[in-house]
Amino acid sequence: MQYLLLAINSVFIGNLILSKFLGICPFLGVSRKVSTALGMSMAVLFVMTMASTVTWVLFYTLLEPFGLEYLRTIVFILVIASLVQLTEMAIQKISPALYEALGIYLPLITTNCAILGVAIDTIEKGYNFVGMLVYAVFGAIGFALALLLFAGLRERLETSDVPDAFKGAASSLIVAGILSLAFMGFSGLVPG
Amino acid sequence: MSGIKSFNGGIHPAYNKDLTSGSETVLMPAPERLVVPVGQHIGAPANPVVKKGDIVKLGQMIAEPGGFVSSPVHSPVSGKVISVQPEEHPMGSRIMAITIENDGEDTMVEHQTISEPLEKDPDELKEIVKNSGIVGMGGATFPSHVKLSPPADKPIDFIILNGAECEPYLTADHRLMLENPESIVSGLEIISHITGVKKLYIGIEINKPDAIKKITKALGKKGTVVPLAVKYPQGAEKQLIKAVTGREVPPKHLPMEVGAIVFNVATAHAINKAVTEGIPLFERIVTVTGHGVQKPGNFLVRTGTMVSEVVDFSGGYTDDAAQLILGGPMMGKSSATDGVPVIKGTGGILVLPSAEMLTDAWGPCIRCGMCLRACPNQQNPQLLGNLIEKGLFDKITEDKLEEIVLDDCFECGSCTFVCPANRPIVQFFHMAKAYFRAQKRK
Amino acid sequence: MSEILTAILVLTGVGLAAGLLLSYFSRVFYVEEDPRIDLVEEALPGANCGACGMAGCRDYAKAVATSQDVPGCPVGGPETAVKIAEIMGSEASEVEKMVALVKCAGTMERTTRRGELVGISDCRSASLIGGNKECRYGCLGYGDCMSVCPVNAIKIYSGNIAVVDPDVCIGCGLCVKACPLGIIDMVPASRTMHVLCSSKDAGAQVKKACQVGCIGCKICSRKDSSFQIEDNLAVFTGTEGNADAPFVCPNDVIVDTRVYSVLSFVESEKAREHFTNAKEKFKTLEREERARIAAEKKAALEKAKNSEKKDDEKIKKSAEKQSRED
Amino acid sequence: METRSFKVSYSPHVHNGASVHKIMWNVFLALVPATAVSVYAFGINAVRVLFVSTFFAIFFEALALLMRKRDWKQCFDGSAALSGLLLGLTLPPGISTPIIMIGSFVAIIVAKQVFGGIGSNPFNPALTGRVFLLIAFTEPMTTWPLPRGIEQAKNYLGLATTKTADAITAATPLAAIKEHASKAMPNVSLNDLFFGLHTPGSIGEISVLALLIGAAWLLYKKIITWHIPVSTILTVFVIATITHFLSPAKYPHPFFHMFAGGLIIGAFFMATDYVTAPIWPMGKLIFGIGVGLLTIVIRLWGGYPEGISFAILIMNATTPLIDKWTVPGPFGSKTLRRQS
């Protein structure tokens, strides 16, 4: 039951993009078309789960026994970057089709703060292994939800005659603002 | 509306048929000078076979077909050919046309009549239909002999005659069904004999009860008259087949895909005249109507007569006549001048006073969805209209909507009719079609 | 002391492990790829910001390598664009600068209307229902070209005709595609003479439709051979052109951009008056010239007649050849 | 035979006379019964709020049109007035004028004109304005003066009323049930909620009957279709029945949820706004179910007593995706499927 609450929390209330404001640059960069947004969300889901698992394992086996918790940020970045590079090469080799749909976003994810944010947050909140998994997966689903909604809205803005002063980023940011205003409706939905 | 068959989508414009549905068809004598264009049908234009100064007889072939999907053109009068040069054409461009001076005798070219057509061999009949220049009279003007020879792998189950005439104002078919139903029925029998299809239907909208009575009497046991709901565009091929047989012609395909062939009642009448009396197609019933003309009426006019002469014969314009439309108000083309000839496809001459003309102010789309409900093709005029208006053509090709714009939309005008923001969606589609065709050519 | 040591050890350990792993797998998973992609990727700023709408610099490089038309890299700016162009070899030879030219001068007053268009807002749909001018090749003036020009070098002026400003035009050719009538051509910037008409109709029809239409009378081609006539339409193919050519044209269709800019020739009445009296002056000059030649010829004939008959034949032959060359 | 020249325009040459202007003012008309009940119940306060919000909506629209160098008279096409009135109807009667002006500003400028005026705004302007005010001015937005007939009452639904400077205020039925379910539950009277007499709440939402009359007029004039309202209210009803069945003490009767709060005004007037709702019938059903689901979730377990405005805004964000994935097959696609 407690994991269910955590899941709902990380998709709606503590949404990575709209409430925690993590991963904003892919949120604005890749959301020009729904198809690219879809590819990006799949890649983020895949990488976030893998990165959190590896960093969680590494933290509790390597850093904590030696009392080096303070090193976690650097080590996490290192691990995530090399992990992403590894997966990109693996996917490119194993299935070019999957690479075409998914892989091209991987370099964009290495510098994505949402991945690092989730990794550190799981340690901060002291989730156990299952909690970490739920948090990573549903955090990525929340990321995907916000990204897809925003991509749909931006595609819709293409056919409306936006005044020149607001063309491009300005109207998109206002849409993102109203979107997070709407998501505030979920605040207080579930404790913690 | 139990028992009254129809399709979903469509609109109910003000029909204004009462202006001319009561008036008898009047024969209009041929004028002194007639301009007969060679492009009066879908397909390759015909090639002239006469030169300046030739003497021609009534019904003589003056232009031969320019290919399989083409149709010959016959002289509507006997007289002398004055010129063979591009002339103003109702479609708005300049097309090669043969101008003939009428000598008034109407001496008929020698022709053979057949009293018992159903004994004749079908291919011979089809040849007569081909040489008599018979084309679809419903406005599409598709050469009929092509329709009469479907490919072998497409079995045909039904022949449907289109007596719906759903276009507002027009009553040409209605008068034809009242005045010679027998000829229409015998034309239908000839078609059934040529194609060997036994199941025959005639669809007529229930706002023409007298026509339904007459045709049913003439048809007897040979086929069934299907009363249709009064809705525009009931007369469109796909919608008529759906209403009569319940089958739906898939996108980008022809009616033969679902085993049906549709002919206009006037085409059946023309086929009957060509086969039994040997008279080729050089005249048709035209409805002159609208509040811009003094005395609306239906006239039997020879192709090549100038529109100005037809209106003059009918009683002339009212003083505030502002817009001349060839065909009905929904799909008819508005013409800049009345110095254009009546051709095989001209079903009506509609003159609107300036008061009835549409204002051209249109606003942004408010996504009300009225056009989606009105579109008989269940397409998306709203999204496509927006994309085309903003010039996002690459987005249309990207979302694979291009075929819809090019093939499925037959510009019936229902979406523009109901749009509260008064958006010219048909104009957008027309523009997009030209754009995509230009892309294909490059 | 030992803490820092362990920290360094752990860090280098993890770094080393990651490095080894990566190098090993990079050889195992090596995939053949177009070398140009790496080259282009190096030229890019490599910030993977996604501002170009692609999913990162590698993806952008791949799109450029497969020559999809992709927007320029906003972060890289012009230098990146130049570098990419060199790699892709598109900046080949130095090409003659081309500019667009609208081949029509039929402003509202100079052409006869054809009905009145209502509810039309762009050239393409206007052309589909026959346009608003008797001449089917006449510029419709709804500005499809204007709306597509990236540097707005084309404007619709009071005479409802599109005119290109050659100095602003960058020769991208978008307007040529946008014009439904196809009456905009790319011409070399150095060319100073143009025929401002694209009507292929016969002379009689052109006379009915427009006062400044080319009726294919071929007078200009006699004056200057680089005027080619195809189906009733003169096209200038040279660069400089004979300065008198515009004066011989009966309908003033030819403009000499050394004297008048295309804009003034189409739009301003003053330029037209200036041109007409320049033409008058040329006409009177030419009439005197012709009178003088005729007089000379008559005199030569007189002299020849009173010497022997045989010489007359010879002289007459040489006189005719001489007059043909002028 | 001299020829005559005519005006040329594109087919079709006839129109059924519908216009955006007529539609907008028709919806405005449909809101008149609700407005009348609220003016009766809350008196001059209601008139002030509604007038200020509608006037400034039109004013800001005219301002924006002027700045865009467009014909400013278009601000009277009814869409600005409608947004203004709808915004006013969702505000508490005691709200101060400057707050309403800010609400109108956000509704018209930020939510609509920034994206290009009528037809291009992705979010419902009136609701964006209301939610903005709810979060920016939470305290004034949640004080509910008592309506005529019980303005001096000491307690309402068993809860004490508080006396402020200008009126006696109490909790709305929804808020009362949410916090003190056990005390307030027994004395909820359904027909009070239905007829809107003696129930505090936003100006327009109190009388369900008046709203239903207006909604019937819209359905009759075919301005809105049944898909969105029916699916929204049905979802709320179903879930409310289940939760009520599971623990009647904690969760109120389903009819309570249908009549209380802004569900009716939201479902019939806000969610069916053309510009921000999906266009295809299937899409409208999904949209309705989404709105219903979110409303009841926020009402039962969320932080705010009333979830309808958040629900509609969130579903507005999903409209482009719903439109993209619920396009029905074109005419004749059934035959293709049967053949392949």
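Assorted remarks:
For clarity, chains are labelled A, B, C and D in written order, and residue numbers in each chain start from 1.
By our rule, a residue touches a chain if its C-beta (ideal position, glycine included) is under 8 Å from a C-beta of that chain, and two chains touch if they have at least 3 such contacts.
Just so we're clear, the structure is a prediction, and the values are computed from it rather than from any experiment.
In terms of the stated touch criterion, the partners common to chain A and chain B are C, D, listed by label. If you tally contacting C-beta pairs for each pair of chains, B-D comes out on top.
The most distant chain from chain A is B, comparing centres defined as mean Cα coordinates. With centres defined as mean CA coordinates, chain C is found 43 Å away from chain B. Mean C-alpha position of chain A lies 50 Å from that of chain C.
Chain centres here are Cα averages; for chain C and chain D they lie 56 Å apart. Chain A and chain D have Cα centroids lying 34 Å from one another. Residues of chain D in contact with two or more other chains: 5-10, 116-117, 119-120.
In chain C, the residues that touch at least two other chains are 114-116, 118-120, 125, 129-130. Shown for chain A are the residues in touch with two or more other chains, namely 159-161. Shown here, the protein chains touch in all possible pairs. Chain D meets chain A in the complex at residues 68, 110-111, 113-117, 119-123, 128, 131-132, 135, 294, 297-298, 301-304, 307, 309-311, 313-314, 316-321, 324. Considering their complex, residues 92-94, 333-337, 357-358, 360, 362, 391, 424, 427, 430-431, 434-435, 438 of chain B touch chain C. Those residues of chain A that touch chain B in the shared complex are 158-161. Of all residues in chain B, those touching chain D in their complex are 9, 11, 13-14, 168, 238, 242, 247-251, 253, 257-258, 306, 308-309, 312, 317, 321-325, 329-339, 350, 352, 354, 356-358, 360, 363-370, 372, 376-380, 382-383, 404, 408, 411, 413, 416-422, 424, 426-427, 430.
Chain C contributes residues 3, 6-7, 10-11, 14-15, 18-19, 21-22, 25-26, 28-29, 31, 48-51, 53-59, 62 to its touches with chain A in the complex.
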